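Shared between the two complexes below is subunit A, which pairs with subunit B and subunit C, respectively.
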Partner chain A sequence: MAVKVLKPGLSTTVQDLGRPGYYHIGIPISGAMDRFALRCANMLVGNKEGLAVLEAVFMGPELKFSDDATVAVTGGELPPKVNGEFRATWTSFKVKKGDVLSFDFLKKGARAYIAISGGIDVPVVLGSRSTYTLGALGGHEGRKLAEGDTLKFGKGRGAKEGRTIPEKLRRGPGSPAELRMLPGLYWHRITADAGKHFLEDTWKVAPEADRIGYRFKGGRKIEFVDRVPPFGAGSDPSNIVDACYPYGSIQIPSGTEPIVLHRDAVSGGGYFMVGAVISADMDLIGQLQPHTPTRFMAVTMAQALKARRDRAKIIEKIRNII
Partner chain B sequence: MKIRYSYGGDEHIFVECDEEMSLDAFFKSLSITTAVKKAKIKGVTEICPANASFQIKFNPDVIKPSDLMKELKAIEKSAGKSKSKLKTRIIEIPVLYNDPWTNETLTKFRDRHQDPTSTDVEYTARINNLDGLDGFIKAHSGAPWFVSMVGFVAGLPFLYQMVERQRQIQSPKYLRPRTDTPKLTVGHGGCFGCIYSVRGAGGYQMFGITPMPIYDPNQKIKYLKDFMCLFRPGDIVKWKPIDRVEYDATVIAVEKGKFSPRMKDVTFSLEDFKKDMDGYNAKLMGALNGR
Partner chain C sequence: MAKHILSPLPGTFYRKPAPDKPNFKNEGDLIAIGDVIGIIEVMKSFNEVKTDQAGKIAKFLTDNEEPVMAGQPLLELS
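Up next is the complex of A and B:
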């Protein structure tokens, strides 16, 4: 029960729902950037929702199967092909021993999730199979896939072919993408005007966007409230005494380019943050391509929790359909 | 010291014990987070103490954010009364100051530095009125340091030197972060020291390198078999200046599984420490030497 990696793609890693519990020593949660897509991919092939899958960025890998399996591809629109023949995304299909799974060019989004029946079987490290490349931890030898790698997958009965998720339940970012955020943390460090500008301006995803964080460009410079730097913080107005960084937190080093930390976040550092993207919108960030126009929308805690419940309801609906 | 609470999105509560760094703020963060751990609150998934603040991650489907906020404030009230005593360890870390590897790296990034004509050690010695490399090494390794936070990347300790504020070494971060830092570089930014656990980007000044790994995801190194990260918040570090010969020998000893860091269990009392810092530090370092 294995696949051989003929071509690795750009950056393909093994991910599941992550590795909570070690953030206090700098090991981030990791796991799929788009957890909704991961859950869907697993459900389509008949797996438990949290099993390990492949996360492919911008470009798909080429995989040769040594055994029969059921496969599904969700997330960004990366059309799969079996021996050169197209298969539908968000829909389960069969792969036979000796078949080659490859991919067409990415049509939409940024990350595709490739689930195989039985789940990718790499060793569980600190409770998860997710890859944390910066720490060379988990996944396949702690790194992205390379040509010639062999990945085992588990024994799963596999769902039947053609299991699908209705189009209206699939979710991707619009354009401009809207990321809801809860203002807080060090929001008081910036002027009232700067706060207005931050929310009014349309930002663009910068090329420096990865699993650690997404950088945004193009909005007006953020002005700070004057202060005497606190001991230990550093002299730049954007510096704080090094503190923890929440997942989704939005830091703006020197007031120029906001960075939203994601699943492989650095766990702390010395830059102030204006708040954090709400949990319901974290998946969307994983599907943003460079240059995507993006707006930040301030919401209240009540709205954030409602959005979270709405997301949970959609997953529940999909469970019922499947 | 004024404590400040904030939500970090719908899954975190962020608590700043103080805006500025001090041992008092650090101990406040440590004592509250220790009490939160003991309280075993349902829905809390991560408890992260930091230098002068801390962060709690929770599942809002299990506990309402406002309920957790109330509970944390109640815990702060009772934990605040506890004596600042800490059962911890003192660990000796060998360091080759002014080593060839960080010197080679810093040469590549001179255009990002405040003073392109000096090395990081020379620059930091000068702006802190220390007498060159020797004066710097004396100040840096002369008194122990607290691990006031572990993070940024896996197992990286932030270190705060246990001396009066006016004696603390301070230096700015690079003007623009470097894209490379050798693994196990001993760095410094603001008033904080650190050891880079993995190779990667970084903005701290680079002073030297330790031959002793502090993070091993494969858990093959003898003293990292139980857990892949060496440091915990509250550990005490004593730097031991070494020369190139000892550096090379230690690297080989680590490879052969023959090296164990020198460490001793100690109890630290903030009140006693404040009464006589140098005397207290001498006692701590004495414990390391079996005295």
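Up next is the complex of A and C:
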């Protein structure tokens, strides 16, 4: 049960739901940038929700199957083709031994999740099959796929062809994308005007945005409240005494370009954080293409928790449909 | 219908290998399959755009340093 990588795409990695529990010693949580899409892809092919799949960013790989399997592609609109014939996204389809799975140009979103019945079978490292490329940890040899690689997949029950997620339950960012955020501990470091500008301005995703962090450009410069730097903090007004960086935290080095830390982020450092994107919206960030206009919207903790529950309800609904 | 070379990736399009170097290709040039016509910068990496068609470049549809989306036409062949 294997696939051979004929073409790797731009940066295709093995991911599951992630590797929580080691962030305090500097090993990030990794896992899919859009975990909702990963869960859906797995459910469509009859897998447990957290099995390992392929995450392809911007460009799909080309894979040759050495055995029959059920496949589903979710997340960004990256139209799959079997031996050159189009298949629907968010819908299960069969591939036969010898078939080649390839992809058309990306139509929407940024990352596609390719689930294969049985799941991608790479060794479990610290509780997860996710790839953390910077640390050369997990996944397929700790790196993105390369031409000529062979990936094993497990023996799955598979699923019927045509199993699908209704369109209204799928999710992707609008334009402008709206990211809800909870203002944080260091909000007092910026001026009242700067806080207003941060939320009013339309930012644009910088091309260098990746699994480590999403950088945004184009908003007004953030001005800081004057202070004498505390012992241990650097001299730049955006510096703090080193602190933990939560997943989703938004730092603005020197007040210029906000960076939202994502699945492969560093776990601490010396930049202030204006707040954190709420967990319910982190999946959306994984689907932002470069240059996508984006707004940050402040919410309360109660709203953030409600949004999290609402997302959980949608996943429950999909479980019931499938 | 005119033949186009499409961008395989979203990002920023560059027509030259470095700011002080000449363009990879210019209007009127003949191109063969596999020729590099530009670079797309995305996720801190620079990716060569290779042609999948041969012909003569009628005009570039995307300028140097312009943002592009995947599937956007970069140039037209005559």
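In the analysis below, the second predicted complex is superposed on the first by the 322 of 322 C-alpha atoms of A that agree within 3 Å, B and C clash if a C-alpha of one lies under 4 Å from a C-alpha of the other, contacts with A are read in each partner's own complex, and residues count from 1 in each chain.
The rule is short, and it goes like this: a residue touches a chain if its C-beta (ideal position, glycine included) is under 8 Å from a C-beta of that chain, and two chains touch if they have at least 3 such contacts.
Please read these numbers as outputs of a predicted model, since none were measured by experiment.
Asks: After the superposition on A, what does A:248 contact: first (subunit B), second (subunit C), both or neither?
Replies: Touch partner of A:248: subunit B, not subunit C.
Asks: By residue count, is subunit A touched more by subunit B or by subunit C?
Replies: In the superposed model, B touches more residues of subunit A.
Asks: Please work out whether A:125 is in contact with subunit B alone, subunit C alone, both, or neither, and reply first, second, both or neither.
Replies: Touch status of A:125: first partner only.
Asks: Once chain A of both complexes is superposed, is A:105 in touch with subunit B (first), subunit C (second), both, or neither?
Replies: A:105 contacts subunit C only, not subunit B.
Asks: Can A:23 be said to touch subunit B (first), subunit C (second), both, or neither?
Replies: So A:23 only meets subunit B here.
Asks: With the two structures laid over each other on chain A, which partner does A:272 touch: subunit B (first), subunit C (second), both, or neither?
Replies: In the superposed model, A:272 contacts neither subunit B nor subunit C.
Asks: Could you tell me if A:137 is touching subunit B, subunit C, both of them or neither one (first, second, both, neither)?
Replies: In the superposition, A:137 contacts subunit B only.
Asks: Applying the touch criterion given at the start, work out whether A:210 contacts subunit B, subunit C, both or neither, answering first, second, both or neither.
Replies: A:210 sits against subunit C, while subunit B stays out of touch.
Asks: Residues on subunit A in contact with subunit B in one complex and with subunit C in the other?
Replies: Comparing the two interfaces on subunit A, one with subunit B and one with subunit C, no residues are shared.
Asks: Report the residues of subunit C in contact with subunit A in the complex, numbered from low to high.
Replies: 6, 8-12, 41-45, 47, 67, 69-71
Asks: Which subunit A residues qualify as touching subunit B in the complex?
Replies: Residue list for subunit A touching subunit B: 20-21, 23-27, 125, 132, 134-138, 142, 181-182, 184-185, 230-235, 239-244, 246-249, 266-270, 273, 275-279, 301, 304-305, 308, 312.
Asks: Enumerate the contact residues on subunit B facing subunit A in the complex.
Replies: Contacts found on subunit B: 6-12, 14, 16, 18-22, 45-55, 57, 60-61, 65-66, 149-156, 158, 165, 172-173, 189-192, 197-198, 200, 215, 217, 228-229, 231-233.
Asks: In the complex of these two chains, what residues of subunit A are touching subunit C?
Replies: 10-11, 57-59, 105-107, 110, 207-210, 289-291
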